[in-house]
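The next part holds the structures, each set out as structure tokens.
Here come two complexes built around chain A, the first alongside chain B, the second alongside chain C.
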Partner chain A sequence: MRYWLQRLGVAVALLLAVSALTFGAMNLLGDPLFNILGPTSASTLPEDLEIIEAAKAEYNLDDPLPVRYVKWGSAFVTGDFGVQFSVDGQPPVSDLIKERLPRTVMLLIIAQTMAVLIAIPWALFAASRADKAVDKVSTVTSFLFIAIPNFGLAVILKYLFSLKWSIFPLIFNAADPFWTRVWQLVLPAMALALPVASVYQRLLRTDLITTLQEDYILTARSKGVSKRNVLFKHALRPSLFSFITIFGINTGALLGGSLIVEQIFIVPGLGTAIVEAILREDFPVVLAIVMIVTTAFVVINVLVDLLYSLIDPRVRAS
Partner chain B sequence: MNKNDIIQSDRRIESGEPLLELIDLKTHFKTERGLVRAVDGVTLSLKRGESLGVVGESGSGKTVLSRSIMGLLPSTAVKHGSVKFAGQDIVGFSAKQMRHLWGAEMSMVFQNPLNSLNPLMKIGKQITEPLKLHLGMDKATATATALQLLRDVRIPEPERRLNQLPHELSGGMRQRVMIAIALACGPTLLFADEPTTALDVTVQAQILDLIGEQRRDRNMSVILVTHDLGVVAGHTDQIAVMYGGKLVEHAPTKTLFANMKMPYTKSLMRSIPKLSDPSHTRLATIPGRPPDLVNPPLGCNFAPRCMYALPKCHVEEPPLTPTADPKHVYACWYPVGSPEFEKRDAELQATGYMPEDFSAVS
Partner chain C sequence: MSDATAQANADGAASKRRLGVGFWIAVFWLFIVFFAATFAPWLPFKDPDNNYIVSGERPPYAPSGTHPFGTDQDARDLLARTVFGARVSLTVGLVAIGMGMLFGGFMGIMAGYFRGWWDRVISFVFIIFLSFPALVLAILITALLERSLRTISITLGILSIAPVGRIARATTISFADREFVLAARTLGAKNGRIIIRELLPNVLIPMSALALLGMAVAVVAEGGLAFLGLSVEKGPTWGKVILTGAGSRDLQKAPWIAIIPIIVLFLTVLALNFAGDRIRAYFDVRETAL
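Then we have the complex of A and B:
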């Protein structure tokens, strides 16, 4: 119980720090008024001054920075993410998020699922043949996928599977039915999943090789358990720790990767939204997305902690 | 191996043929340094229900010997010679073929019960696994059998244990669970590889008694691997002393203790502390290190460390020689009782068995 209170405290502190840093940086580096009004912000014409005053009032721009942060923060926690800096302020940030978030979440879920489904059998295969020719080929393959930049892989996949062989659809269409949209996200997800799967595979393979040298693996073999079942029933579970740790941490990295992949596959998700918002210096949108990503990261890592104790009941005791 | 073969082998066992027969078994490991001769020509046999103690220091090849017989070796191992189990030569069996024997016909209790049980699998599941696998039991029957096995190895509150994880049990209890797993399918041959080394002294005797008792109840053969002559004394029918991958003395237990021939056996015996010794008596040790198994010495493996070695020992390897009792063999040019040995022993007695300078030869 005390442990979970501590975790909660850390999570809140993290969210405060991230929001304060982002809020501060964006306001200090840019000029919010200019970003809202464009060239009008520097005008001295009386009719423009009225607009400027109105904008200042709407966005609390006359308040000192800490006050504005508190005002933004207290609105944010009630679900009011503010208005966009775009000319008419429409749609509100929360509507934009509501539209974009599900696509990115779906993309990441497909990507992580794929990565896990690829990594586990691959690692089992490689670890059971450690240092043999197939394992060496698999090592080179995994390093290839890790080394190749995200956008490079995305372009290659798009070219091969969409343009050349037409296996996967070329575009994402928000108007299509749910499963069609899921299908449209498979290729972008693959571009995200392959490098991540390779990292998972490297890690899991190493841990599996260590586990396979444990005495209890010999015990299992001496009971007559088949090689396959030794791997699946005895070796896999104790080898999952670093894998799930990196799984949690990677969720953040994958969100970063999705920025590029969404651009290449033209998926109007959170990634595209934040890229557009940064280019426009649209602070409320950037802040909202940063906060969502941070929250997701914190939540997923708490889930990973829970997963530890599910995998190894000894964690619960300590 | 199919079912008919197994039935046939059962008949052979009943006809008094040995259950296990090793003929010149060699296990070599290919390493970067060269060929490691971990087991180098071991010949022995064991009848059903008999127990054999394999004794030697670390690195003598005793563990490799037991794993060679069972076929539980890494792929770098190369085996020569023959291992006949129930009349069948199993030395060339693949892991797939051996799997039908593992757990079913032969099983093993390992040295460290703390690491030998899967830390994330409930005790019950670890015991029922071979039962389902080899005997095709359904879950209910397997659980009932597991419960009976836990009672057989005298674990208190067996029902509760089924759902516990290894870390919730003490070391001695874990070793009992290991024994229960090994006994589950009623094997004819049980290997116990230093089963008590990691345990409390008080628990050691209990575990050894338990293995002995189960051996009698189940008419099972046992190979007890240990570095401790004291352990095998009361629990085996015959003893094989190993040094540098070779058998150096092999005899029925009583004969061996009454009439040790090999100075190495004698040294092992002497290195057991005695209650009758006054306090602070210096422990007797065997100076030097076990031989390098990549480049073994030219003559007797033990000669560089032997207090009784004469020039011949360093150049010519002694063969296994029978004594008056053909079951008692030893490999030594100047065994205990020979005039050369007695002469040297008299000299050593004068110096309190502390050789002047041993670093020169070791």
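Then we have the complex of A and C:
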């Protein structure tokens, strides 16, 4: 219990630090008034001064920075992410996020599912034939996939599967029915999943080989359990421990990767939103996305820890 | 450990004494890339920013004798752009991992050698950095500051401090209680001397393998930033060159613009990973972080 409280404390401290840093940097290094009004912000004409005063009042720009941070923070926690830095401030940032976030989440879910579905059979196959020719080919293959940067793989997949062979659709259309949209996300997800699957396979294969040398595997085999059953029922589960850790770590990495892959496949998710926002210097949007990604990252890491202690009682004891 | 694993390890010990042909191929490729990048202005490459328009034909031009990698939509020579892009990408990689080794290595050795209070503070800093999605920090810094080569390199450098530092700490801890350190101390060596003469050489070897892997990560990170519109603003970089050809229309009509630089980038990352992996196996570095 004490451990979890500590863990929670660190997570909250981290989020506070990140948000304060981001908020402070954006307001000190950028010029919020200029970002909202453009050139008008430096004008000294009386009618412009009124606009400036109105904007300052609307965005609380006259308050000292810590006060603005607290105001922004308390609103953020309740799900109100503020207004965009544009003349009319529409739509509110939270609406934009509500529209974009589900697509990124769906992309991540498809990618992780694919990675696991590829990695587990691949690892079982390779581990049961350890150090034979097939296994060596598979090791080289995984090494190659790990070295391909996700944007490079995305471009190549798009070229081969959508442009050349027209197997997968090129365009993500937000108006299409659910399963069509899932189908449209398969190729972007594959660009994310293949390198990650290779990482999973490498780790799982090593763990499986170690497990397969345990005495109880030999016992099971000599009792006449088939090779396939030994692999699936006896060897797989105990080999999954370190897999879970790396699953959590990679979810974080995938989050970053999805921002980039969305750009290439023009999926209007968080990635495209943050790029647009950076170009327009629309800092409330950048801030909101940074906070969402960081929060997700922290929460996933805590969840992995929790899952770990559920599966392996030894972790709970220590 | 069962007998079979022991046997496997013994086999590994026999083969690890050699770096293998693959290692030298990787080194050879890296040598070519680094040589071309370093001496690019003095080698007979075309001007990366010049438009080599042939009258009567619309660019992009496919690979040919005059343009071995072809040209982009503005008829700029892609071989030259790839080589000059390597200057930026490799500089980013070198500076990033250099900073990681210098600061991360220093902090890690201090934490691992002195332990106690030092260790707790430094480890906490490392944990904070590691539990933060790296790309987000990179986005933040590059979005707020001017996107110069210096900003990008330093940003990626800051991000490599924690991963390098953690391994430096773990390696230091595993050496700090060994007999040769005790012997040096009994002979009256001061802390500074022990760290520099006894620990540093031992920590540096695993770190050099890590440096190659880290460089690959930084080079890829630059590419990722380019796709978010956040890479170095002036001149070509690998990421930016790939980005020029990554749009659907360009990819359909002129696939070479994106795909040839992707292959160059891929081979470089592969060579860095492979060389790093071999060095690690050669010196039998354990990945386990304490």
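Please note the rule applied: the second predicted complex is superposed on the first by the 303 of 318 C-alpha atoms of A that agree within 3 Å, B and C clash if a C-alpha of one lies under 4 Å from a C-alpha of the other, contacts with A are read in each partner's own complex, and residues count from 1 in each chain.
The working rule: a contact is a pair of C-beta atoms (placed from the backbone, for glycine too) under 8 Å apart; a residue touches a chain by one contact, two chains touch by 3 or more.
Note that the coordinates shown come from a computational prediction; the quantities given were computed from them, not determined experimentally.
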{"item": "Fit or clash between chain C and chain B when superposed on chain A", "value": "fit"}
{"item": "First (chain B), second (chain C), both or neither touched by A:P238", "value": "first"}
{"item": "Chain B versus chain C as contact partner of A:A17, first or second or both or neither", "value": "second"}
{"item": "Which of chain B and chain C A:K71 touches, first, second, both or neither", "value": "neither"}
{"item": "Partner chain(s) touched by A:F143 [first = chain B, second = chain C, both, neither]", "value": "second"}
{"item": "Chain B versus chain C as contact partner of A:N301, first or second or both or neither", "value": "second"}
{"item": "Chain A-centred angle between chain C and chain B, computed on Cα centres after superposition, in steps of 10 °", "value": "80"}
{"item": "Partner, of chain C and chain B, that touches more residues belonging to chain A", "value": "C"}
{"item": "First, second, both or neither for A:L255, with chain B first and chain C second", "value": "second"}
{"item": "Chain B versus chain C as contact partner of A:A220, first or second or both or neither", "value": "first"}
{"item": "First (chain B), second (chain C), both or neither touched by A:R280", "value": "neither"}
{"item": "Which of chain B and chain C A:R7 touches, first, second, both or neither", "value": "neither"}
{"item": "Smallest separation of CA atoms, chain C relative to chain B, angstrom", "value": "7"}
{"item": "Chain A positions touched by chain B in one structure and by chain C in the second", "value": "214"}
{"item": "Chain B partner contacts - residues on chain A that touch it in the complex", "value": "214-216, 218-227, 233-234, 237-238, 311-314"}
{"item": "Contacting residues of chain B [partner chain A, same complex]", "value": "70, 72, 95, 99-104, 107-108, 110, 112, 115-121, 129-130, 133-134, 165, 167, 178, 181-182"}
{"item": "Touching residues on chain C, where the partner in the complex is chain A", "value": "2, 4-5, 127-128, 131-136, 139-140, 143-145, 216, 220, 223-224, 227-230, 239, 242, 245-246, 248, 251-252, 255, 258-259, 262, 265-266, 269-270, 273-274"}
{"item": "Parts of chain A lying in touch with chain C, wherever the complex brings them together", "value": "10, 14, 17-18, 22, 25-26, 29-30, 143-144, 146-152, 155-156, 158-159, 162-163, 170, 210, 213-214, 252-253, 255-257, 259-260, 263-264, 271, 274-275, 278-279, 286, 290, 293-294, 297-298, 301"}
